[in-house]
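Following: one structure in structure tokens, then a few remarks.
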Amino acid sequence: MAAALAGPASWTARRDRDLVRGLAPALVVLAGLTVVPGIYLVLTSLTPLNLASPGSEWDFSRPLGNYVGMFEDPRFVHSVGVQIKLSVASVVLQLLIGLGVALLLHPNTTVRQLARSWMLVPMVLPPIVVGITWLALFTVDISPIHKFLAWIGLPMAPLLTNASTAIWAIVLAGTWQHFPFAMLMALAALQMVPENPIEAARIDGASRWQVFWHVRLPFIAPTLVVAGLFILIDSVKAFPLIFIMTDGGPGEATEVTNFYVYRQAFSFSLWGYGSAIAVLMMTGVFVLSWVIDRITTRNDGQWS
Amino acid sequence: MTSAWQRRFPHWRGDTVTALLVLLVLFPFFYLIQMSFRPKEDIFGGGFFFSPTLEHYGALWRGNFPFSFVNSVVTASCATVLAMAIGVPAAYSLSRASFGGARQIGLWILVTRMAPPIAFTIPLFIAYRYAGLHDTRTGLVIVYLTFSLALVIWMMKPFFDAVPRQLEEAAAIDGCSTWKTFLTITLPLTAPGLAATAVICFIQSWNDFFFALILTRTQASTAPVAIVGFIQYVGWEWGRMAAAGTLVMMPVVLFSVLVRKYLVRGLAAGSIKG
Amino acid sequence: MSTVSLEGVWKRFGDVVAVRDVGLQLPHGGLTVFLGPSGCGKTTTLRMIAGLESVSEGRILIGERDVTWLDPKDRNIAMVFQNYALYPHKTVAENLGFGLKIRGVAAAEIAARVANASQLLGLADLLERRPKQLSGGQMQRVALGRALVRDAEVFLLDEPLSNLDAKLRVQMREEIYKLHRRIGKSMIYVTHDQIEAMTLADGIVIMRDGVVQQVGSPLEIFDRPTNVYVAGFIGTPEMNLLDMRAAGGNLAGASCIVSAPAGCAIAPDAPLKVGIRPDHVVVVPDSEADSSSGWLEVDVCEHLGTTTLLIGGFDGQRLRVLTPRSNARPGDRLAVRLPADRLHLFDAGSGERIH
């Protein structure tokens, strides 16, 4: 490429120049809208910025004050605990259910092909709509589910108002909403399992379960790992369901880290502190994204 | 000994389970829709039969909701159009790039997609206040553009990767310049991908709640935020909430059914081929 | 008179040298074949002539013009790709005419040239079809037609027949041969198949690891390979290459002596590779066995119908002998003679031809 400046350029060099011109606007926009706010976020995290106290945005006297304070803040630590519960439960449940439904929908009958489209509905609904629906379904006086359970003699206590069950109600709603993602990825991976090893296993006398465990599962495992990572990252962003269904409560029972930051910033105006937590979350997201990138690019090379 | 019926429908057992499962899974969805048509007195009634009414939709229409709905349409559409215009050529460049750094850009885009919105809202909130973009549709479009752009590039790149380079070399020998090849040869071959990407992009912006909540108040509030407004009223206007919810989710459901084949790619950010 | 010339052309991909110091002068109107195994640099060289790859060092000339830095579209070349590279969303007629359309040629002229080319290649009925409705052979002809319509100076073909099945390949080979005679333009044809090279080429360029091994007409290369590699590459069944040393005026193997060809000067005791084609080895009746013949311990008999290929041990090495139909069986011991005038002598170290 250096030769392009010094002397005549080749077609490939000219083509590269044209391509860069096509890429530039996007890079400029992205840089402006991600890098600049990102830098600002980091800077803010180093201050005790409080919208209520003027001048606090330039106070760099204790740059790591927010970060240190985080680990001494019981409410923050608690929110991390809640987050872990939510994230682990989300990944496990969504993968299991997604994989299970994918196995059910794998054969190519008309009914199942139709089902594949219909199963997508929860995933594309606006989260707020999912929130109000499940809010209704969890409210004892209203919900047909509660009424049905009472009718068959298994009355259930309200879940959302109970501190120990609220988070699991959120998990249930969230799993309903997001399982189709894992299902789609598992389905796509199952379609790509080659026929030969399966036939060979059948000839060897393997049962359906054995065929699954020894042949299909190893093939789709990498996809499931990547799906799990995506679910994990997504669970960190959980907000609308919590906002609508419990508002972080009862108490702080459903206050995940993301929600806690929202509280800090918008209820207490503690933007500096909120920024610091946000920076921490971004670091986690970055690491997980890097892992995903590593895995998928290696797989691309293997599968071409 | 399989009966004729069993032979014709060899998977009938699984099919029945599947059908039942679909009904079970979609129950909440249908529940909300039917609630929006139930008369107010009977809104939580258990009976299957009721006389459907449009009173909730009427109340919505007379209120502020259409205004928010229009905001949703405008912001989501603008963001999608802009994201496609800027992102599609960018995705093509990344696909054909022989310069270094393409991998890093890919990672950057993934991180942008995966980042929690709160990380952007704090700086943007302050910036918008200064720039007078708070509670404006422009402000929302700018935010949506960021994520939509990342999504468009992420989704379209595999489509471009799938177009063989030799086709473009043949076009070059036939006399096309880089971007002429792109327009006459490559782009037509990725038309389904373009349609799917645009739809998924629109859906993502349409469904947004967080940014609209934080960055808008009254002028630019979008439909999802408006739904929340019904909770503030005394007594919780369930009928109207259900109607609003149904209206907000209908476009999305319809579009999704159209592009279901490409949803994996869009929502999975391209980790497996096909 | 336009020729294609390469002067001191190198191609590097990072640290890897794909093409090393290639200099060629290809004759006007001839069909030149670049022949060699995968990775030998033949396709890279072709692509550099097309302009699809940049040149690291050196010059490329088409006719009198230095095209080294020109875009492919300005070089007046046409190319047929291995996978045909037909535009899937265009009809056959549109595929054929696309290059002219881009150049702003009048619609009537385009139609005329498309009609002409499609008639020549038997595509007249297929003009409204799309590529996915065509068979492999038909797609191949459309790819050829696309190049024809452009009326370029030089035609470049990158392994055009390798995606076809054997029978179709033979058919298309004939068609390409006739097409070339008909249009009289320079063609450069890349392949790894020596049969295609031998049957189609006016001149062959054999390449290996980026270096040109030999340039010549098919028969020249067949009769006088310049090194061991070319000797083993051209000719089916493969040429025998035996390890021997020079001894006096003869060649000595482990246990036999063979007379050396007349008039060749070899250093005494030099290690040699002696080449002889399987069909040049003479089987003599046992009664005529003498000091100038050796013994073949037959291992494998491949009866090919009119001929028989005998493979076995000779002087502690493997020898292949192609004879007219024979009754020999594995385990037989036959006397064979290696006529001096059929021997090719190569230096054992460098592989270069000595005689």
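Should a chain be cited, it is by its letter among A, B and C, assigned in written order, with residues numbered from 1 in that chain.
Heads up, the rule we're going with is that a contact is a pair of C-beta atoms (placed from the backbone, for glycine too) under 8 Å apart; a residue touches a chain by one contact, two chains touch by 3 or more.
Because the structure is a prediction, the values reported are computed rather than measured.
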item: Per Cα centroids, the chain farthest from chain B; value: C
item: Comparison of B-C and A-B by number of C-beta pairs in contact, larger one; value: A-B
item: Centre-of-Cα separation between chain C and chain B, whole angstrom; value: 56
item: Centre distance in Å when chain A and chain B are each reduced to the mean of their C-alpha atoms; value: 16
item: Per-residue overlap in chain C, given as positions that touch at least 2 other chains; value: 52, 71-72
item: Of all residues in chain B, the ones touching two or more other chains; value: 172
item: Multi-partner residues of chain A (at least 2 other chains); value: 11-12, 14
item: Partner chain A, residues of chain C touching it in the complex; value: 51-55, 68-72
item: Parts of chain B lying in touch with chain C, wherever the complex brings them together; value: 164, 166-167, 169-176, 180, 185, 188-189
item: Complex contacts: residues of chain A adjacent to chain C; value: 8-14
item: Residues of chain B touching chain A in the complex; value: 9, 11, 14-15, 17-19, 21-22, 25-26, 28-29, 31-32, 35, 44, 46, 86-87, 89-90, 92-94, 96-99, 103, 105-112, 114-124, 126-127, 142-143, 145-146, 149-150, 153, 172, 177-179, 182, 203, 206-207, 209-210, 213-214, 223-225, 227-228, 231, 238, 241-242, 245, 248-249, 252-253, 255-257, 260, 263-264, 267-274
item: Residue ranges of chain C touching chain B (in the complex, touch as defined); value: 50, 52, 71-73, 77-79, 81-83, 85, 87-89, 98-99, 102-103, 146, 150
